[in-house]
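Labels run A, B and C following the written order; every chain starts at residue 1.
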Amino acid sequence: MYKWTKNPESRSLPAGEAMAKWMKKNLFPTPAQSMLSIILFSLILKMLTPFLDWFVYDAVWLGSADDCRQASGACVAFIREKFTFILFGFYPREYLWRPIAAIGLFICMLWYSKEPSRWSKRLVRRWVVYVFLWILLMRGGMFGFELVPSNKWGGLPLTLMLSFVGIVFSYPFGILLALGRRSKMPVIKAFCVGYIELIRGVPLISLLFMSSVMFPLFLPEGVVIDKLLRAQAAIILFVAAYMAEVVRGGLAAIPKGQYEAGEALGLSFFQIMRLIILPQALKIVIPPTVNTAIGMFKDTSLVLIIALFDLLNTTKTALKDGNWLGFSVEGYLFVALIYFIFCFSMGKYSRRLEYELTTSRSH
Amino acid sequence: MKKLSILLLFTLFSGQALAGKTFKNIMKRQKVRCGVTQGLPGFSAPDSKGNWKGIDVDVCKAVAAAVFGDPKKVEYISLSSQQRFTAIQSGEVDILSRVTTHTLRRDSEMGLNFAPVTYYDGQAFMVRKKDKIKSALNLNGATICVQQGTTTELGLADYFRANKMKFKTVTFENNDEVVQAFVKGRCDAFTTDASGLASERTKFKNPNAYMILPEIISKEPLAPAVGHGDDQWFDVVKWTVFAMLAAEEYGLSSRNVDKFMSSKDPKISRLLGKTKGNGKALGLNEKWAYNVIKQVGNYSEIFERNVGKDTALKLERGPNALWTKGGLMYAPPLR
Amino acid sequence: MNNNEIPFWQDPKNRSIVFQVLAFVIVIFTSWYLFSNTQANLQRQNIATGFEFFTQEAGFEIGESVVEYDSSSTYFGALKVGFLNTFKIAVVGNFFAILIGIFIGILGLSRNWMVRTLSKTYVETFRNIPLLLQLFFWYAIFTEILPGLRQAMMPIKGFFICNRGLFLTVMADHPIWSWVIAAFFLGIALTFFANHFGLKRQAKSGQEFPIIIWGIGLLFLFPVLIWLLGGAPTKLSVPELQGFNFSGGYNLSPEFFSLLLGLVLYTGAFNAEIVRAGIMSVRKGQWEAAESLGLSRFKSLRLVIFPQALRVIIPPFTSQLLNLTKNSSLAVAIAYPDFVNIANTTLNQTGQAVEVVGLIMAVYLTFSLLTSFFMNWFNRKMALVDR
């Protein structure tokens, strides 16, 4: 749905004559359009100069808070000062290499898993190994790694963990819900429809409140579940409803003949699903699944409201430092950039996959 | 594999599952779960090494000393003001020691039992000096920043209604946000307990640009609280606080308590458990009060250490002095 | 045993019944378990339950309200204020988000590379950054960058901007103004109707209907007429610095304005993409057909392409409409007194977490269901109108 179709002309600027031709077509086709182009160009230029002044020429890259206050530009020194805290929160400084390694490995794993040709059982096994590595690195408490309790985790690792675990658990749950919604059994169907519509009808914040202030009352006296785990559960329950709708779209696209063929082969319902329907349906919905994942990645920032130290909350905390007051714009732009890089690359990846998958299907 | 990972997650995060009453649970778990703020210097805030410090923290330590003879057996759980009451209602924390004002509604329908007051406070206003506001009565029409869901939010509305003045509120859930909004100029005044104002001012870059108005507009007796339904536990918390007050009254402190062990004074002898009976009555070790005084200190020590003249907060004892010195602090007989 | 007979467990019918009963029992048991735990927790400690607090005095003030409210009102009154504030931001926010969406979405299809790129940059930037972060950013601009009350900027006479929000000059209070506004909304409805009627007539007789002239007439003449009938009041209410604040005029608080800006720009980016994709989904032949009829580019868009695109656009628009409404609950982070914010305060003051969180969910669920019903109705209507 959110696809920028490729516009061959806008892809790259050809050189020389081709470029003149391109400009004629895309910037100056008619007198009115030419005027528009020129006006827009000068406007952009006019806005760009003060921004460059702020960000480059007048910016304070090295120095103290007072240097920043005297200058009129951006206070990059603030980011330098708070860099570690924003990215890693209260994680003990002496073990900082551990979350860095965990994130580095995470990005490597993502990079490695990006090619559809590598999707296999082996890859899943590798991810399982990676998850253990992550726990070992982040939490420690075994093999000579010092224990770092979960209330010390914060910043980017926490955001990534909330998103990753959220996806891993909400995906199968969403598939079950989608199957339930299409089920011929009225009771199962009613439960699934009720759940999906209920969750999609309320804001995530209300589920987080529930996990934070209401859920403890649900448990017998004395049973306590960690705040982080409760928030994670709320996110999973929330995203699963959206995943279910995505998967349902894929299931609806599979022609009825496929089910019948499965039945004719004497396969059971679950065999039909596992061997015939789901592999096709899930493949169709990979792009919207990635979009849901992007949405969830952004939504993890809401845990700030129930006082967990995700990337956004560490930034807010850094901004509250009495010595470095007044650099919110710099701080927010910095994390915005981090979020943007993650979301934008995921979105690009989703579009590429969609392109590849549609073309491979039409062969 | 999924089951395994669920199991893994649970072992990672979950606490022990225990049923029964609060006190029994605490004994089994060998730890007191103590609900504190998210950081209010002087009352409960982590220092640079992550150790919790403050009056409210010391109360929890004292309770742990009374129960286990070890003030370190406390698990601190920082709670937002929104989370605090459910946390105690659901048994997530055993004791709420979190600058909480004792009120009728909280004591009854919200399911809390308040131990003796550990700090008598009152609500006040902070303003910018350059605005030249001399009294709270000059605040007609002002925009005021306040933390939502607190007694100060109610006290503020009461005060302005009583004095027929108008104002605008800007409310945040988090105390830090309130302070930020005030410092950045979103509001003309910021209101909370007077001690809280003093505490926040220590964090400002230029504290002298701000002043606290003289009016104290409400009573805010801050007290630790436990949940309804376990009277023994309530008694333990209550008498731990009283023991600290009594210790100050009798002149016992963490430094000299050992010398008093041989004291002939029957009051002191009972307090320190040489004359047996008090401990048994509470279901504790007879040396419970000795442990509190030895390992945490008397009330005066706690006060001076956390908010007193030598700290950044520089608070006077005022109403928090002992009754013998014109204050309100008074312990019933420990017998 | 007869081999042809299906064993009990292999019969799909039996299996389905057993499966359903099992699921039912599990769900009921889980709910009962959670419910009884809650009940036990609350009863053990004698904690108040139920909605009696509705009629009790709230005792706290609310920063902004569209109806009469003070601290002596009840909790119900307070929650009503919150509800209306949410409603306000949802209506105003969605209105602008749709406008931006349509505008930027159409620009995304421009022949001009520069326009296209700008549209794309906007969309990619705003939808790839968490909304909460954007809200904090706009709020920080207000509280940190903009000057204080006494140094308020005045870009236009009678319009002030400072860290206490925007202060606008508006018409002074007069009963006729509410009628003028009502007339304006009636004008919108009539224009819509006239457009519909005009297109039908055009389809039948080929006679073109001057909708733009009619629209201007209905939208503006009508209210002006009412205004004249009401005695044509012209008194202005100009914001003036007085004591701690501006008096007079209309104040948009920084909280409201940051929330509005954040929601509109974020949702607008998604809407733009929906509009763009919707228009692209209309086959190229339709453009060519319209062109060959001699229609201008704008006219072909309005008369031929857009009505067809609308059918693709409306369903995802509905979810964006709902998203904005649900996302407005993030107001709690920047102190705008929306429903969640007031409910949160209520929760703190009464300690009744179960009731209050349940209430929040019920209110948003109602919002969602109502919007869904309305949009489904609208969608059916659109599908019928242009066959």
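Here, a residue touches a chain if its C-beta (ideal position, glycine included) is under 8 Å from a C-beta of that chain, and two chains touch if they have at least 3 such contacts.
What you are looking at is a predicted structure, and each value in this text was computed from that prediction instead of being measured.
Engineer: Using the stated contact rule, I'd like to know whether A-B or B-C comes out ahead in C-beta pair count.
Structural biologist: B-C
Engineer: If you take the mean of the Cα atoms for each chain, which one ends up farthest from chain A?
Structural biologist: B
Engineer: If you average the Cα atoms of chain A and of chain C to get two centres, how far apart are those centres in Å?
Structural biologist: Each chain reduced to its C-alpha mean, chain A and chain C end up 25 Å apart.
Engineer: Averaging over Cα atoms per chain, report the distance between chain A and chain B in Å.
Structural biologist: Spacing between the chain centres: roughly 40 Å.
Engineer: So how far apart, in whole Å, are chain B and chain C when each is placed at the average of its C-alpha atoms?
Structural biologist: Comparing mean C-alpha positions, chain C is 43 Å from chain B.
Engineer: What positions in chain C touch 2 or more of the other chains?
Structural biologist: Counting only residues that touch two or more other chains, chain C contributes 41-42, 44, 144, 332, 344, 347, 353.
Engineer: For chain A, give me the residues that contact two or more of the other chains.
Structural biologist: Residues 213-214, 217, 219-221, 305, 326.
Engineer: Touching at least two other chains at once: which residues of chain B meet that condition?
Structural biologist: In chain B, residues 82, 86, 89-91, 173, 180, 184 touch at least two other chains, as defined above.
Engineer: Quick check: in the complex, which residue numbers of chain A touch chain C?
Structural biologist: Those in contact with chain C are residues 1-5, 7, 9-10, 26-27, 29, 33, 36-37, 40-41, 184-188, 191, 198, 200-206, 209-210, 213-214, 217-221, 294, 298-299, 301-302, 304-305, 312, 316, 326, 328-329, 332-333, 335-336, 339-340, 343-344, 347.
Engineer: Under the touch definition given earlier, write down the residues of chain C that touch chain B in their complex.
Structural biologist: Of all residues in chain C, those touching chain B are 41-42, 44-48, 59-63, 70-72, 142-144, 148, 163-164, 242-245, 254-255, 332, 335, 337, 341, 344-345, 347-351, 353.
Engineer: Which of the residues in chain C end up touching chain A in this complex?
Structural biologist: Chain C residues touching chain A: 16, 19-21, 23-24, 27, 34, 37-38, 40-42, 44, 111-118, 120, 124-125, 127-134, 136-137, 140-141, 144-145, 270, 273-274, 277, 280, 316, 322, 326-327, 329-330, 332-333, 340, 344, 347, 353-354, 357, 360-361, 364-365, 367-369.
Engineer: Can you list the residues on chain A that touch chain B in the complex?
Structural biologist: Touch list, chain A to chain B: 90, 128, 131, 135, 139, 150, 152, 165, 172, 212-214, 216-217, 219-226, 228-229, 305-307, 320, 322-323, 325-326.
Engineer: Going by the contact rule at the top, pick out the chain B residues touching chain C in the complex.
Structural biologist: On the chain B side, the touching residues are 81-82, 85-86, 89-91, 105-106, 108-111, 139-143, 148-150, 153-154, 156-158, 160-161, 167-173, 177, 180-181, 184-186, 188, 227-229.
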